[in-house]
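Okay, so subunit A shows up in both of these, paired with subunit B first and subunit C after.
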Partner chain A sequence: MIQSIAQKEFISTLRDRRFVVLSGLLLALLLAATLVGRGSYRTLQHERMVAQQTVNEQFHNQPNRHPHRVAHYGSFAFRPRAGLSFLDAGLDSFTGASVFLEAHQQNSVNFSQAQQSGSLIRFGELTVAFVLQVLVPLLIVFLCFSAFTEERETGTLKLLLSQGVSMRRVAWGKIAGYGRAVALVVGPALALAAWLLFGEEEFAHNPDVWVRLALFVAGYAVYFFLWIVGAVVVSARQRHARSALVLLLGCWMLGCIILPKATANLGATLFPTITKAQMDADVHEAAQKGINGHDPQDQRSAALKANLLKQYGVDSEEKLPVSVGGLVMAESEAYTSKVYQQHFADLTRTYERQNAISNWAGLLNPYQAIRPLSMGLAGSDFAHYVHFQQAAESYRYQLVQRLNGLQASMGYGDKERKLDAATWQAIPTFAYQAPPVGWALGYLLLPALALLLWAVGLSWLGLKLIDNTPVV
Partner chain B sequence: MKIFWILVQYEWRHFRAAKGLVVLTGLVLLVGLYGIYYGTTELARQRQHLAELPALARHNVEELKTKFPEPADAGEIGYYHTTFAVHHPLPWAGLSLGQRDVNPYYVKLRLLGLQGQLYAAENVNPTKMLSGNFDLAFVLVYLFPLLIIALCFNLLSSEREQGILPLLLAQPVSAGVVVGAKLTFRVGLVLGLAWLLSAVAMGWARVPLDGRVGLWLALVTVYCLFWFGVAFIVTAWQRPSAFNAVALVGVWLLLLVLVPGLLNVYVAAKRPVPQGIELTVKQREQIHGGWDKPKAETMNRFFALYPQWRDTATIKERFVWRWYYAFQHLGDQSVQPLAAAYSTGLRQRYELVETLNWLSPAINVQTSLNALAGSDLPTHLAFQQSVVRYHDALRAYYYPFLFNKTPFAHADYAREPTHTFTSTSETPTAVQGLWKLLLSTGVVGTVGLLLFRARPIQPR
Partner chain C sequence: MTYLLEAKDLRKQYADKLALRGLNLQIEAGEVFCLLGQNGAGKSTTINLFLGFIEPTAGAAYLNGLEVAANSLKIKQYLAYIPENVMLYPHLTGLENLALFSSLAGFSYKESELLAYLDQAGLPAEAVRRRVGTYSKGMRQKVGIAIAVAKHAKVLLLDEPTSGLDPKASNEFSELLRQLSQQGTAVFMATHDIFRAKEVGTRVGIMREGELVDVRPTAALNANELEQLYLTYMQ
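Showing the complex of A and B:
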């Protein structure tokens, strides 16, 4: 019986001109968003790859130089875009693309897409994820608001129930039928996305991307399911189609437009962010005077020098086999980097607290559960961004320390000499390894759980409500 | 006329009786107040951050004074001394924050090459930037249309569906007066709310009372009227309530979501911006090349730009600061065309949006409000220009010390140039936006009237 009700709903939906027009538009949008997303992904990816190669070659082809000069010359780390980010650009437009890696200081990640456009970008970008998260629920609302109200208004509901079916089974039949209709709209776009991915050498044999895509699709399936169940339940509980529609539209606006912005803003108000200027000053202060304020840099350097003289059993710098300058530099870099890491961790924790309000709101609002889940699987969320920043910093630190080591081994009077150009060729360049899906899932437990809770809760509670609904 | 006012009065009673609508209106009022609170406190926070910068700069000077107790080489000072270029907001920015969170509102500067410092990003949570600002402009541009839709989607259709319309039209009253009275009441309610919120926001933000108050109110009013025009067209079409709701939400989606999204894609494709990164990479290459080039070559290129220092001592030392700063500046000079192309590219992008924003009155109003508040891209570009000039002034201040080998004394810190920049309203952009908005509202109103004339009201 459920099957035939589902079949009836599916067929009558396909016969509905409004649905055909709306879903045709949506399908076109989805396909366009997939292709446009793919296009911009490839452009940006190419630009960044070329830029990374350029700076790598520049680094390797340096002339004879003193290692500390090379440390100041530094290098750049470009953030490659994640494989699935063409489906969900997530934070990518608002996070920078590159960071300058040099001795003594940690620079910000600069040149975000948002800085390169006017306020138009704040209206939101047309990505596949946006269509799936915001527009498909709207289609579901338009599709389902009259699921029961229409049957009730035309009197067919009574006839249907007189066949001996329970309200609950009718509801499941309708949910299955609408589910098929929605799959018909969303399916082709996701198939296109999969096909595009498959055509790409880099991803065709990368199981990580496929697991991510599978979970991505599964997440959206649950999201659509709970919207359909919710809409059918509202339709059953409301007397008139009109009030069902208004109620559902109200939920959509609250969930997809108002709450996400309000919670993000609330988070930022509750947990204020330290400015870059203040943070730099704090890092500088702690590095100069010591983390606890009793360990100033001058003293640290003097102690290091005294130790060296004692260790080698000599009485002056000139007789040392190593360069004191290089070792002092290495010590100071290690210290500053430690201080910086502490401050950076604090900043990240502030952001995470701000985001937590939004993420917990996922328990109240499924949109705020699917959004982080989708971004996380696409590799464009905050956790992935921090991962890149840390990878860049750890490379910077290793690079600078390696150069400091080279300087130390040059012995006394290193400043008057240079190292051979071949030295730079042996230094490895920055290569970013994006984290695997297992790592990403660790950050996505809350949204995934919230989404499942919604789906289970709605099916259980909602259908229980339907059971108790008077037929007339 | 008397009947008209009786009808308006009855609409008020109807409205009071409809709990849902009262709650909704109250909710919009609360949300609007939250928007005002958020916008003004966010701006207050930015102001506070700006106010803290001088203390950081002073602290840096104190540290340098301890490090160099005697008059020192100005090159050393310039290397370690940091100062700030600051971008103060207009009070209006509290009503429409625009891009003030995306673009940094201060730049930390040293005497080194400018292009490596100009684009540093500020600490901002990207997740928050993605969600956007909940300011008054957002409430007016995004949510007011939804309120108007909720008030108007069943303007006549509900009366028809409840069977009241035939009774009403059997009275000696024309359909035009009925619709007119209903619309008048709703326009009064919505505009009252919009003006109330605007007035509260202006008072709270302490904006100066000048022509911009009128401009803001005009933009807001005409934008609301535009949406009433859309609702009027749908009413004149005379379809069932559910259809009206779908149609109106469809228009909202089109103008606030689809057109901006597509326009974004179009603008990015049509005006590709030369990547800013190319500029920094090239500047680094030039500056560090400076170390390896013969000093005479570098200095001659520098003297071509600054002939007044040509007669200073020839450099024989292994390292000397004036040579160091000379090649820093030459690094900036060499990427000058790229820097200009970058900012021109950004401006052209903005202007393309300006010429196309008639496609969606929502984009038009948002950019106009941002222009009025001085919180969009052009203001930021103007700020960056002022930073360039400030950096020039700093160099001009330090060069005599460097080239005349004058020691930099403690008293010289206080004589150093300082920087301040305050946003200005881009009033012409906002006025132009108002004209375009009047035009779109006129078109929508005319279409509505024509449709209303052409299709007599069906009682059933």
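Showing the complex of A and C:
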């Protein structure tokens, strides 16, 4: 029975010119977004790879230099884009692409696309995720708003039910039929995405990307299912198609436009972030409490030197086997790193609290559940950004401390000498390893749970409501 | 004795109107009961109560011995229903509509069988593969008749079934009803058409303001007498 109704809905939908036009437009948008997204991904990925190779070569090809000069010369870490980020750019356009790695300070990740592009990017890009999250639900609304109202208004519902079908089965049949129609629109774009993705050597044998894509598709399947069930239930409970359409469009506006902005504003109000200037001032003030490696008059440096003399049992710096300057730099770096990490951790926590408001809102609004899930699986969410930031900082700290170690090993009078250029070639360059899907899922439990709760709750409650819907 | 259709003190009260005032009625297998009455007399309410689409305020409707309100899904297997204005799915052809409704009733017919039902209902052969959106009201009505016949139901509930049919098709439909009643089908037909009621009915009932005011065997009246009786009650 359900299969017969599903087939009837599917065929009727395909023969409806309005649906053909709307879905054709949407499919064209999806395919365009997939191709443009993939093109943009490849361009950016190539640019960042070339830039990373260039700075790595520049680092390795430094001439004979003092290690601390090398530490100040520094390097750059470029954030590679995640494989699926061409489907959902998430925060990628707004978070930076590269970070300058140097001694004494942890720089923020800069040069986002939004910084370098016109203001239009702030209105959002046309990505596959945007089409799937915002426009496909609109198609579903137009497809399903008259699912029951039209049957009731024309009288086919009575004829249908007189055949011995329950309202619940009719509803499931309609849900299955509309689901097929939506899959027909979305499927080709996702198939194209998979073909583009796995057609390349980079991802062909990468199970992590396979799993991410499978979960990405599953997440959207649940999201569309929710919209279809919701629209069918609203249609069953409303007497007229017009009122069902108005109600569904209201839900769409509330869920996809108003609530996300309202919760983002609420998050920013409840958990305000400090300005960059304030953070720089705070970090500077806190760093003053540690050893200043560049100040020979610093009393804490003098104390460290005294301890070293005592440790090695010598009476002057000249007799020490290590460079006091190098060890002071290492001590100073350890302290300032701790200060920076503390402040960056506080800032990150504030952003996470802001995001948490939006994520919890996913329990009220499925759009706010699929959005973080989609970004997280695409590797373009805040957690993945922080992961890169921390990896870059970890590399910077190890690099600078390695250079400080080299300086310390040069002994007294190191400032007058240089190390051979071959030394820099032995230092490993930055190579970012993106986190696996298992790590990402740890951050996505709430949105995934919210989406599943919606699916179960709406199916149960919605179909119960349909059971009790008067036929005439 | 188990009647195929039975109403026991059946009442339906809407918020502002008493639509049915204690209907008592029994219809046996092979009987064609025609219910006459003006618009708003309670004919459609009676059919909706037998279909289980609305619940009675008091009393009970029975179909094939089963109380309708308690078995609203189960009783559907014993009945077929033709509304006044058969509306089908406009994007499907007549053949596809018949196949769909038959499959929902649990019948899986071959195409040749479906075509035979449509032919029996009088749908022109050239129309069976056309989308129903292009059909006239009469053509849709014929598909509705085919749907009802293909269900092989024990009870036929008809709400102005000949509305929109041309005289020839109406006569063919009357003939079809006679055949079905001879095969033991109980027919309950709400109609305004006194001539049709006299022609096909075995009994005729007159309903006024929710009350069944008179029931007569049609054999006891000629068409004029029936018309006079009806007009008397409607005054």
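Keep this in mind: the second predicted complex is superposed on the first by the 461 of 472 C-alpha atoms of A that agree within 3 Å, B and C clash if a C-alpha of one lies under 4 Å from a C-alpha of the other, contacts with A are read in each partner's own complex, and residues count from 1 in each chain.
Criterion: a contact is a pair of C-beta atoms (placed from the backbone, for glycine too) under 8 Å apart; a residue touches a chain by one contact, two chains touch by 3 or more.
What you are looking at is a predicted structure, and each value in this text was computed from that prediction instead of being measured.
Asker: With the two complexes overlaid on their shared chain, look at subunit A and say whether subunit B and subunit C clash or fit.
Answerer: Because the two structures are overlaid on the shared chain, the partners are seen to fit without clashing.
Asker: Tell me the contact category for A:139 with respect to subunit B and subunit C: first, second, both or neither.
Answerer: Neither partner.
Asker: For A:156 in the superposed arrangement: first (subunit B), second (subunit C), both or neither?
Answerer: A:156: touches subunit C, not subunit B.
Asker: Between subunit B and subunit C, which makes contact with more of the residues in subunit A?
Answerer: The partner with more contacted residues on subunit A is B.
Asker: Quick check on the superposed pair: does A:258 touch subunit B, subunit C, both, or neither? Answer first, second, both or neither.
Answerer: first
Asker: With both complexes overlaid on chain A, does A:347 touch subunit B (first), subunit C (second), both or neither?
Answerer: first
Asker: Have a look at where A:5 lands relative to subunit B and subunit C in the superposition and call it first, second, both or neither.
Answerer: second
Asker: After superposition on the shared chain, which partner residues are touched by A:98: those of subunit B (first), subunit C (second), both, or neither?
Answerer: The answer is first: A:98 touches subunit B but not subunit C.
Asker: Smallest separation in Å between any Cα of subunit B and any Cα of subunit C in the superposed model?
Answerer: Distance of closest C-alpha approach: 18 Å.
Asker: Shared contact residues on subunit A for subunit B and subunit C?
Answerer: After superposing on chain A, no subunit A residue contacts both subunit B and subunit C.
Asker: Flag every residue of subunit B that touches subunit A in the complex, lowest number first.
Answerer: 20, 31, 34, 38, 41-42, 45, 49, 52-53, 56, 59-60, 63, 84, 98-99, 102-104, 106, 108, 116, 119-134, 138, 142-143, 146, 150, 154, 158, 161, 241-242, 245-246, 249, 253, 256-258, 260-265, 267-268, 273, 275-278, 280-281, 284-285, 288, 291-292, 318, 346, 349-350, 353, 362-363, 366-367, 370, 375-377
Asker: What residues on subunit A touch subunit C, complex-wise?
Answerer: Residue positions touching the partner: 1, 4-5, 8, 11-12, 15-16, 154-156, 158-166, 470-472.
Asker: Which positions of subunit C touch subunit A when the two form their complex?
Answerer: These residues of subunit C touch subunit A: 48, 51, 53-54, 73, 76-77, 79-81, 83, 85-89, 91-92, 96, 100-101, 103-106, 131, 144, 147, 151, 157.
Asker: Which residues of subunit A touch subunit B once you look at their complex with the stated criterion?
Answerer: 18, 29, 36, 40, 47, 51, 54-55, 58, 63, 65, 69, 72-74, 76, 78, 90-91, 93-98, 100, 107-112, 114-126, 130, 134-135, 138, 142, 145-146, 241-242, 245-246, 249, 253, 257-258, 260-265, 267-269, 272-281, 288, 347, 350-351, 354-355, 358, 382, 385, 416
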